[in-house]
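Across the two complexes that follow, subunit A remains constant while its partner is subunit B and subsequently subunit C.
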Partner chain A sequence: MLKLDSKDTRLFLIVIAMTLLAPFILNPFPEGSNLAQFNAGYPDLMQRFVIFGIFAIGFNLLFGLTGYLSFGHAAFLGVGSYASIWMMKLLTVNVIPAMFASVIVSGLFALVVGYVCLRRSGIYFSILTLAFAQMSFALAYSVLTPLTGGETGLQLKAADPRILDFGAAEGSIGRASFFGIDMRASMELPVGSWLFTLNFGYYLAAFVMLIAFYVSIRIFRSPFGMMLRAVKSNQNRLNYTGVSTKPYTLAVFVISGMYAGLAGGLLVAMDTQVGPERMFWTASGEVVLMTILGGAGTLIGPVLGAGFIKYMENIVSKINSKTLEAWFGFLPDGLEDALITIVYPFVGKGWHLTLGIMFMLVVIFLPGGLVEGGKRIGGWLTGKGRKSKTDGGQEATASTPAE
Partner chain B sequence: MGILEVQNVNKRFGGLQALNNVNLNVEKGSVHAIIGPNGAGKSTLLNCFVGRLTPDTGSVMFNGKSLLGIKPHQINQAGVSRVFQTPEIFSDLSALENVMIPAFAKRDGAYKLNPFRRVTQESEIRDSAEEVLRDVGLADRKDLIAAEMSRGDKRRLEMAMCLVQDPELLLLDEPTAGMARADTNKTIDLLKHIGETRGITKVVIEHDMHVVFSLADKISVLAQGTVLVEDVPENIKGHPKVREAYLGEAQV
Partner chain C sequence: MDAILLQTLNGLDKGSAYALIALGLTLIFGTLGVVNFAHGALFMMGAFCAVTFNKLLTLSTITLDPEKKDFLGNPLQVRTPYIEDWLGPELGAAIIDWSVPLAILFAIPVMIIIGLVMERGLIKYFYKRPHADQILVTFGLAIVLQEIIKFYYGANPIPTPAPSAFAGSFDFGALIGMDPGTIIYPYWRLVYFAFALLVIVAVFVFLRFTTFGMVVRAGMADRETVGLLGINIDKRFTIMFAIAACVAGLAGVMYAPINSPNYHMGMDFLVLSFVVVVVGGMGSLAGAVLAGFLLGILESFASMTQVLDVLPGINQIIIYLVAIVVLLTRPRGLMGRKGVMED
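So, the complex of A and B:
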């Protein structure tokens, strides 16, 4: 189906089902219950899952296939965001032209950055990309203020020209829409004590993510993708085999930058504002974490990693001392205090600590990321628990299970 | 006229004259061996053929065109493939993929950006890769990841990667180094077989005299960067200069 082999088709269908049902799957706890704060099925967070999923899928095309570790990918995300919001300010609040603009502009930017940075490999490549991203951040923050809004960034304003929105009420602030449908349009679906929210913006972003995911599968399975894996494996041999590697690495760098730009454009489509902090190096580091945590070089890994990190960021960070008191309240006082003291540094503002520990555990014990973890669990369940480790490793590069 | 003509090649590394006025003439369809003691400049010479090193002076002509100043991938596209002393393969890829990549390079040139073609569509490439793997005796291991192969198999795989391109000139840097006798003989048979069926010109650097004398049509003896003699194997064996420089120390 769709020119995919049966294994990839199955994976793709599972991903489609998961994204469509995400508002239900991510809301397993009834409203008002103690555990309701672990529900992730609200529009804002689900949009982040799929948008950063796109970002990570694109990053993985570069890093997972060629091994070139870009440490400045947030620059493309930022450039895409700026392109997108300018499109909305000048032309129309419809998100489609904005998304096209973000992909094209970030692609062109990636062409320039890639052309320069790909002259080097390894750590030097990483440092060059990092330098470019920090430069972009600094420019957006200061010198380019007329274009980027500087520190305060850009928002939609009532005075925006929006020359294609003829029918728009004069003097009103535009809201991002898809041919008239507001991105924030939501349908609330109460079932018993559960409340599910089906949001239009989420489904649009999810649809784009599915296309992005499909394209990434096709690239993985193409001769082009095979060459990229050869670049990672032995660039020297590839040269002596008659292949010029630069066109391949540059092409995938640009594709990867376009993915990042698309993610940036979608972020603006969901929440019409941009600030330069989006290009800061920590944002570039985050996508590296997502990809490695999920499983670099696998198809679904980056999406899982993105979801995992965004979940931690939004859910674990919300746990405060009151919540902890409520959880451990049934224990004797001394024990309760002790437990809270131990757990407290790891939640709320300390969520980075938890994330850091998780990341270290994954890198040390599951070099293939969450995907490898899923594979091992799958192996134990089907009784093939003692399958050789190398076997798992080679499968990870060739194909990927769903969970 | 030879397929590969090397004239007056000099290469100096600091104070060391690694190659000193080297001349070499490799005839089409022949097996030309380069022998010599350690440090004689054999690998340096080979590196000058594939674009890894550029000689200080002199010329390297392949089919009448200079190989100097062009990139390794261009030299390969011109018809020169190389087997390395330690196998250079794509360790993370399967044996079949390892051979398919050079086949793609042969068909598509230095690059072809086709992200929406599927590998499974490329049955021609796959068939030719499988055929070569059969030739070198790796047909049953084609799905094995290259890193997991034995040393001998890796060498055979690298050989297959070169053969699938049907090169005009194949450069082999010690193809049997570190091999057991049985494997060495297998490799000799393989190289002979290739010579007969495909008619590929070969330049072989080798330490093992057994290999050299069973394969070569012509031998150049290199010592301290200079070609001492270039002659047919029968005359090399008894040559006094060669004995002195190389064979002598081994046979005393």
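So, the complex of A and C:
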């Protein structure tokens, strides 16, 4: 199907099913129950899942395939966001032109940055991308204020020209829409004591993510993708055989930047505001975390990692000492207090600590990320661990030589 | 002329901090071949050593003085630090006043222990892994250290004053025969610069004129051969890691009065220090120090109003701009050695 082999088709179908049913899958606990705070099926969070999924898929195309570790990817996200909000301010609140603008502008920006940064590899490349991202952040924050709104950022305003929105009432603040359908349009679906929210914005973002995911599968399986993997395994050898690697790495850098820009555009489409902090280097660090945590170089890993981190960010950070008391209330007092003291630093405001520890554990013990963890557990459960491992090894060696 | 001198002086304190952190980074990279993204966190831990030491010194007994009233009309709480009880009020107060410089004595063992634990507990396992893995795991460690500090000390900056003898500013211009009032410079920044120079010189002397330093330099040049000669080079490199951690920590201790320590100060410095290391040349100690001061001073020049009028915002990006230009024209940095990071 769609020029994918059967294994990829199965993966793609599973991802389609998961994204379409996400409002149901992510809401397993009935409304009002003790565990309802673990529900992630509300539109805002689900949109973040898929949007950061796109961002991480794009990052993974660069890092997972070529091994070039960019520490400045948030710059493209930010540039895409600014392009898209300007499109909405000047032309129309329809999200489609805004998304195209964000992809094109961030692609051009990535072309410039990539052309310079890709002259170096290894840590020099990381520092160069970081330098460019920090420069963009500093400029957006200070000098480019007329263009970026400085510290306050940009929002849609009533005074925006919006020259293509003929029917818009004079002096009304625009709301992002898709040919007239409001991004925030939702349908609430009560089933028993459950409440499911089907949000239009989420489904639009999910649709875009599915396209992005499909493109990424095709890149992974293409001769181009093979070439990129060859760059990762031994760039010198490629150079000696007379292959110039620059066009390949530059192409994937631009594609990756476009993915980031698309994610930025979608962020604006869901919530029409931008601030420069979106380009800060911690944001670049976050996408690195997502990709590694999920599994760099795998197809589904980045999406899992993005979902996992965004879920943790929203859910774990909401747990406070009251919730902990409610959970451990059944224990004897001394034990309860001890447990709360131990757990408390890791939840609520301290969720970054949990994230950092988990990230370290993954890098140390599970370089393949959650995907590898899943495979290991799967192999262990079915008792085929040893066998599947050797299979994987053969597959890897078989696919290493560039053809 | 005095404007140039003033900006040079202003750049010195930041430049000193960059130089010290970059020196430690280069030491670690040159010896162990590990890219340590947690080095900024070590700087931050150093600053919090000063905070902790200050807190320890000012642990107080609280007594109620019924004769005096506070502004609510309740009996006034009088705090007497234990140290004033033990050593007499004058000596005790003097020690508390000098808590930041004295914190150096406290920070050295603490940072050496942190360095040793970090190296033996984590970094050791990453010698052979790719640089990307090293960056990632130390990045994770930096987040963890930062969050631990945040949990115990809160998210707000904690003011840590310099000794009152060094508080305030003095007329630097008058000292060197200029008109009084042209160059007013804070004492503590000069102290910081002198201290940084002292540490840098100490590190260089240690490496150049001691047997231990000689072995370490030999190990940096050719680790295997030194190992084959029957020298336990790993142990010496571990000690060098602890020393590098200590250098970063000391830079942090003395920086506390300049900028009140907060939990993310390390990350802010780390990014810049990496740029400094790369500009100076990966693996070159002298290059790191030189580039540190150079970039610190350049940054300060770029924030002059005359410059900002011509090129607005240049002060924000000058360091990165210089890094990009240097990396593209001199890939090994200003003083980089051949064969480092060129695999």
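Definition applied: the second predicted complex is superposed on the first by the 386 of 403 C-alpha atoms of A that agree within 3 Å, B and C clash if a C-alpha of one lies under 4 Å from a C-alpha of the other, contacts with A are read in each partner's own complex, and residues count from 1 in each chain.
Here is the rule we use: a contact is a pair of C-beta atoms (placed from the backbone, for glycine too) under 8 Å apart; a residue touches a chain by one contact, two chains touch by 3 or more.
Because the structure is predicted, anything quoted here is derived from the model rather than measured.
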item: Touched partner set for A:226, first subunit B, second subunit C, both or neither; value: first
item: Which of subunit B and subunit C A:251 touches, first, second, both or neither; value: first
item: Subunit A residues touched by each partner, larger count belonging to subunit B or subunit C; value: C
item: First (subunit B), second (subunit C), both or neither touched by A:28; value: neither
item: Touched partner set for A:238, first subunit B, second subunit C, both or neither; value: first
item: Doubly contacted subunit A residues - partners subunit C and subunit B; value: none
item: Complex contact set, residues of subunit A against subunit B; value: 3, 5, 218-219, 221-227, 229-230, 232-234, 236-244, 247-248, 251, 255, 390, 394, 397
item: Interface residues, subunit C side, partner subunit A - complex; value: 35, 122, 125, 131-133, 135-137, 139-144, 146-148, 150-151, 267, 271, 274-275, 278, 282, 312-313, 316-317, 320-321, 323-324, 327-328, 331, 341, 343
item: Partner subunit C, residues of subunit A touching it in the complex; value: 67, 69, 116, 119-120, 122-124, 126-128, 130-132, 134-135, 138-139, 141-144, 281-282, 285, 288, 292, 345, 349-350, 352-353, 355-357, 359-360, 363-364, 367
item: Contacting residues of subunit B [partner subunit A, same complex]; value: 50, 71-73, 76-77, 81-82, 88-94, 97, 100-102, 104-106, 108-120, 122, 125, 145, 148, 161, 165
